[in-house]
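First chain written, first letter: the chains are A, B, C and D, and each begins at residue 1.
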């Protein structure tokens, strides 16, 4: 697929996520195994101290990891798990998450992501994440299995 | 502090977080070292498949961990890091995160959290998280130190 | 299977792990979905300050998580990933890890574990872990897939 | 400090860790903020399938993260927490962990690490880790605080 068409496809997926529209996420770049996802840091994305809320930083990391893993695997995926370290208050005009697949096997990708705050012409690292993205069939089977068992 | 006053204080903090208002978070319970935080699963909190977006589940876990750690420590705190496993698609009318401090020392608390989806009279486990909540002074020193170094 | 036979089976598996013999691990308890694994804190398991080496604490947590997940699933498994918080220096005569499955689906279990240091009649929490245990078939397919791709 | 003296200092620290001697760890490289730590994959470091035991892979990642963070901070440190994804069975003659500090503030460093299995002239990625290394004073204060409280 042409790079522009690939990015357009990714943006179309994002536009169908109501929560991504709510936070105003923009897919800046997308290639097989890597992703750049951004938000304008509007007032409603902040916490009581004027920084971006951790939930916004986590949303960006989580979604960028999923895009990186999904495009690496080339199949529908979900995030199975991830870990994030917040290393600095996220202050600025804009946040951008950059994720890439670090290891890809048949049914899962382990991905890494950094989140940067951009403002006043500088870019500062705010968070570092690592997670596992899995093929959705596996997840659905797992979910179905859980459902059969009556929950939990 | 009276239990009711303690909960009211927590709610007042939550009401000053614009992002928590955006997602409609409600602090259901708060005691020193434990917290219950919920959202009504409105359409705008979902992703393209009709489940709660992972970012919403993460927001709840992150914020509930912070409340549990902050009330255990009794000082201003931030979440330093956490890890989350999504174990089931979050489908239902409402999500609730329940967090507690598992270990508390002078300047940090290690906390655990479960997120449940509630609907049709049942409650199903959707995510499990574990993280470190630290006294904000330590974090501010760290941030200041980073700032002095000119970023990253 | 009888509880005693179940524990004996687990001990037989442990006895075939050279590294578990090297550290002197003892399987104290084993039931479907839970495990208790211990080591005597001999001098060779320590680091330069006389505490248990972090690697020993991690070994215990990792292996206890695997037993809890494997017995919950009832199939051969591997640890896919885990996270550990060290909350206190591990000082004492003996370390014990207690793990349990927190959520079980068809092909994976998310498990939690605490590691305690025991000495002078007391038991103190030293570490808290959370991880994902997966059916080995999935892992082998993933590994085979990686191998086909020529590594990394 | 001269690079050779820096490495010699690191090796001297390693030689005082009984558990590192037990597993036969060798510090291959050390610079401020980065570390390369290896083991020969002898029979006693394996599990029942002939792969390196996960505990050995974790030991390497944990210790390499600590060296990377400690040399970045330039003060005595401990690993506060880390997360590891095992991405492939560790098969080979030798394992090597390469760690680096990804973000350094006054009292903590967030570090990343990859563990590779080396054999038959190839090097294959086996595990990816991310963790927080903290200044030991903070940890000791935390531990002291825990001790005062009588544990847990």
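Note that in this section contacts are C-beta pairs under 8 Å (C-beta built on N, C-alpha and C of every residue); 3 or more make two chains touch, one makes a residue touch a chain.
As the structure is a computational prediction, the values presented were derived from the model and not from experiment.
Visitor: Could you tell me which pair, C-D or B-C, is linked by more C-beta pairs in contact?
Guide: Counting C-beta pairs in contact for B-C and C-D gives the edge to C-D.
Visitor: Repeat of A-C among A-D, A-B or B-D, where over half of the residue-numbered contact pairs coincide, is which pair?
Guide: The A-C interface is reproduced by B-D.
Visitor: Which whole number of Å gives the spacing of the CA centres of chain C and chain D?
Guide: Computed value for the inter-centroid distance: 19 Å.
Visitor: Centroid from C-alpha atoms only, then distance chain B to chain C, rounded to Å. What do you get?
Guide: Centre-to-centre distance between chain B and chain C: 28 Å.
Visitor: Name the residues of chain C that each touch 2 or more other chains.
Guide: Where chain C meets two or more other chains at a single residue, that happens at 80-81, 83, 85, 87-88, 103, 105, 125, 132, 143, 146, 152.
Visitor: Looking at the complex, which residues from chain C come into contact with chain B?
Guide: Listed in rising order, the residues are 83, 85, 87-88, 102-103, 105, 110, 112, 114, 125, 128, 130, 132.
Visitor: Touching chain B in the complex: which residues of chain D?
Guide: 80-81, 83, 103-108, 132, 138, 141-146, 149, 152
Visitor: Per the contact definition, I'd like the list of chain C residues that touch chain D in the complex.
Guide: The touching residues are 13, 16-23, 43-48, 53-56, 58-59, 62-63, 66, 78-89, 122-125, 139, 143, 146, 151-152.
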